[in-house]
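I have a structure I would like to understand better, so I am pasting it below and will then ask my questions one at a time.
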Amino acid sequence: MEIRRVAVVAGGASKFGARQATYRDLISEAGKACYDSAPGLSPNDIEGFLLSTVMPERFVFQTHVAPLAAETLGVTPSKLVARVELLCASGSSAIRLAYGFIASGLADVIMVAGAEKMYTPNPAETVHHTLAAGDREWDAIHGLTAPPSFAMVAQRHMKEYGTTKEQLALVSVKNRRNGARNPIAQFRKPITVEEVYASKLVAKPLNLFDCCPITDGAAVIVLAAEHRVKDFTNEPIWIWGTGQAGGGNNAANVPGWAEWPRLRVAAKNAYQMAGVAPEDIDVAEVHDCFTISEIIEYEELGFCAKGEGGKFIEEGRSDYGGQVVVNPGGGLISRGHPFGATGIAQAIEMKQQLHGHAGDRQVPNAEIALTHNLSGFATEHTIMIYGREPK
Amino acid sequence: MSERMSEQPYINTMDVYPLEAAEQNKLYKFYDSLREGRLTTTKCTSCGHIPWPPRTLCPNCTSDEFEWIDLPRKARIYSCTVQTAGVPPVFEIPLYMAMVEFDNGLRMLTRLVETTEDDLEIGREVELAVLEVPGPMSRVVHAFKPVRGN
Amino acid sequence: MEIRRVAVVAGGASKFGARQATYRDLISEAGKACYDSAPGLSPNDIEGFLLSTVMPERFVFQTHVAPLAAETLGVTPSKLVARVELLCASGSSAIRLAYGFIASGLADVIMVAGAEKMYTPNPAETVHHTLAAGDREWDAIHGLTAPPSFAMVAQRHMKEYGTTKEQLALVSVKNRRNGARNPIAQFRKPITVEEVYASKLVAKPLNLFDCCPITDGAAVIVLAAEHRVKDFTNEPIWIWGTGQAGGGNNAANVPGWAEWPRLRVAAKNAYQMAGVAPEDIDVAEVHDCFTISEIIEYEELGFCAKGEGGKFIEEGRSDYGGQVVVNPGGGLISRGHPFGATGIAQAIEMKQQLHGHAGDRQVPNAEIALTHNLSGFATEHTIMIYGREPK
Amino acid sequence: MSERMSEQPYINTMDVYPLEAAEQNKLYKFYDSLREGRLTTTKCTSCGHIPWPPRTLCPNCTSDEFEWIDLPRKARIYSCTVQTAGVPPVFEIPLYMAMVEFDNGLRMLTRLVETTEDDLEIGREVELAVLEVPGPMSRVVHAFKPVRGN
């Protein structure tokens, strides 16, 4: 069956970081940036509204957040309103659902906002909240949060494939260097491998600079059906393909440790739908929640052979001038990771890259872009493939 | 195993009142003004739109520039009720609430204080009251009370 | 544009009530009932999975709930996985998003589960959580939860249209009588108008029996594209139309009190898409969170003229033998209202009614059904119209 | 205004441990057995599937009938780590965690207790330990500890 073509026609984000701002302040700031990105766009154009967000119920004692965010952004939905959550991949999940809703013909113009306010007065309380992410009854009772989860993944990958601590550190060095050129990034100072080693040990083998930070931030994009695209922009990016696959939430049932088979499924479906191969991707934003993640993602996305992710970063093949520029916006490690906003921020970075608006972090001649967003114990994987031209 | 969390004197997760200080909230001036007994909101300097609640983004013209203006101290009840069972534990019964309407047409949900059921009447005139939020931070919350004949 | 036809092919719910069960236990129970409802259905058939749920982050200290629920139900999603929230209308919102995703061609078979575990060891803590539903910073600070909100709506409707306290009570009497015949209902004992009056005053003019209860429960359905329907059931119900419209979250900006204009928008869109008029609806499940709600819904759904909702119940026109049987399953007032499960339970009731499986609460010859699910200060309205035959 | 909530001795919202009693949890027998020093899970009486964690619905055959079986007391470390910064406030550093694997191939995430960094080795044999959960309810949680030479 023929599917309606859909494009991202506008996008903007708040500054990411430890912000002196409320949840709603962040949404307002990102909304402003989104409206400013497409001068023809007004709140009245928006028919549907999805909000991607994870834990406002705990972080800011607020639920029913989609109507609140729509109201904040001046939007009165007439065709769709809901909040979407898939932990760290909430943003990409919301984009996919909006895409499906437009592709089906049920709406033409949908705004997708993502937001998370993670800093609370007591940092320990924020960390405590993250226990809710794993299987609370069977995993979180042991204290399991993200850093030890991915530390154990790293242990297995190092054992099975000889990945080194230096290779992990190089991911952080690259992404911090890229983020230094991204105005919205939380961290804007390049670092060295030695500084990664010197940063606090969090969970062996991961040091603090192997980990993405806690972040406040919001990001907003607008998707439109093909016949509406020109009303808003001359610089859309088109959804060519998407894939998503899940493997559960309990750590014991994770399908793979050094291998991430569910990422392979999601990638295969996305590539097939887009009619492209891994080597066609010019630029990618992938989910570097921890340095080990990006290395495994090189492999499972097919950018290199299985087990050669460490070598891939070492040889500069994910850097400018390499095979595919990965995380030019700084990734989660440098831009920061406000859970619900990350997938949306990835899309915005791709829109800027495909239209030459990425300033001194511009990837030359980028035409095809991929975003990868994961959640849980690396069990759920969500992929979007965008093209500068309609397909 | 320790249980430090339950020893915390302040638990943000359980706190219904917002953080009001400048380092936490772009609308901190609302609370600063309220502390001085003034009820304020934002006015868009681009299109003049006056919203409630105050906003950092104008829903009308998407400008993010605004100034603070004072709202009238008095309003009239548009609808009201008294809750006598099932109120959340940080509140007490009877809990009086009203939607009040200002002369300019703006409406606002509010608690009613210094009141009885006899005052619960659509059209009744009420005026601003400022309450202190108990707890470790210095915070305020607005409310309204019936205007009494002087 | 031609839209793919989609049907509900399976559905089952847990018992609703104050349950001696965890969040996951409830999901398991509903999943079992769903699988049992379509003997050809196995977990391996499910490509996509949406979970509708509101506050597991507070009620059970758990987020990333969609993968957890999928895993609990034996489902390994290969095409879609996410959680959907729109407070009390989360269930219908998830159904709509799944519908769009299938209609677009992105997936063929999606399971939509809804769940909420609301009872906590301290009942005051559960009530405290519901402060998160309104605009926390500007409304909940005054203590606003659902009962006083709808009490103020009732005050306006009584003032403007002369609606009486007896008319309100009659809604509860009807729905309790219906729920008494529903095996999953939380309350299974009919009540009288006098008992409504004698129940505790909650927020003037609403007594306890004018309000839906706090409820634990889960419900699960499966949606399938037309070409897959026969693989699972001979008794599908078909989505003919849907509509959703929102109006924000802050109480001050509610578009209407005695009037609910956003419900009118949602209803108009749904009727238009389905090609039916209000008088064509044989049976409906509508959002009777409070008795006043059902009365206003009669009016705004077009079952009667504006302001005549009180008379509509008084004359028995929403009861068996009347114009349209409303809430044969007992509605929220009798079946109970586990936030995320309610919209799904409404769909299940409609499936049973349209295929003659509703036992002694069966509406004779029901062919066209409507569900209405609201959220917030009656600001967001979500409508589904189902037919026994494909349209 | 009162602040009763913060005086509550027990706040479920902040409690990472599940409610374990029969009136709260269909899997209460897991905790009853654990209290007796036995680590158990469910076995589907219809298809024989043995899952971890225990379940009230079989993901394999969708049956909801099951019996309880004992798991081995010993397992081997499949992967492990020690967290030395950023642990949640109800836990203490160093926090040792491992994925352990039983002879039958079943895996389980667990805390490691009575251990040091020297024990953190893939393949290391560990055995069941049962911990009390502090707080007002009598609750238990499972953990593992390294098997020491006797």
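When the chains are written out, they are named A, B, C and D in that same order, and each has its own residue count from 1.
The definition used in the following text is that a residue touches a chain if its C-beta (ideal position, glycine included) is under 8 Å from a C-beta of that chain, and two chains touch if they have at least 3 such contacts.
Being a predicted model, the structure only gives us computed values, none of them experimental.
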Inset, instruction - Could you name all chains that are in contact with chain C and with chain D at the same time? - result: A, B
Legend entry - Chain whose mean Cα position lies farthest from chain A: B
Legend entry - Rounded Å distance, chain A centre to chain C centre (Cα mean): 33
Inset, instruction - Between chain A and chain B, tell me the centre distance in angstrom, where each centre is the average of that chain's C-alpha atoms. - result: 36
Inset, instruction - Please compute the C-alpha centroid of chain B, do the same for chain D, then give the distance between them in whole Å. - result: 45
Legend entry - Touching two or more other chains - residues of chain B: 4-5, 10-11, 13-14, 16, 18, 89-91
Inset, instruction - Could you check chain C for residues that touch two or more other chains and list them? - result: 22, 24, 58, 61, 71, 124-125, 128, 131, 135-137, 140, 250, 253
Inset, instruction - Using the contact definition from the top, classify how the chains connect: line, ring, star, complete or other. - result: complete
Legend entry - Of chain C, residues touching chain A in the complex: 1, 3-4, 22, 24, 49, 54-55, 57-58, 60-68, 70-71, 76-87, 90, 93-94, 96-97, 99-101, 103-106, 131-137, 140, 242-250, 253, 265, 269, 375-376, 379-380
Inset, instruction - Mind listing the chain A positions that touch chain B in their complex? - result: 20-22, 24-25, 28-29, 31-32, 35-36, 42-43, 58, 61, 71-74, 120-122, 124-125, 128-129
Legend entry - Contacting residues of chain A [partner chain D, same complex]: 124-125, 127-128, 130-131, 135-145, 147-148, 151-153, 155-156, 159, 200-204, 208, 250-253, 257
Inset, instruction - Flag every residue of chain B that touches chain A in the complex, lowest number first. - result: 4-5, 8, 10-13, 15-16, 18-19, 22-27, 55-60, 62, 64
Legend entry - Residue numbers on chain B that touch chain D, as the complex places them: 1-6, 9-11, 13-14, 89-92, 131, 133-135
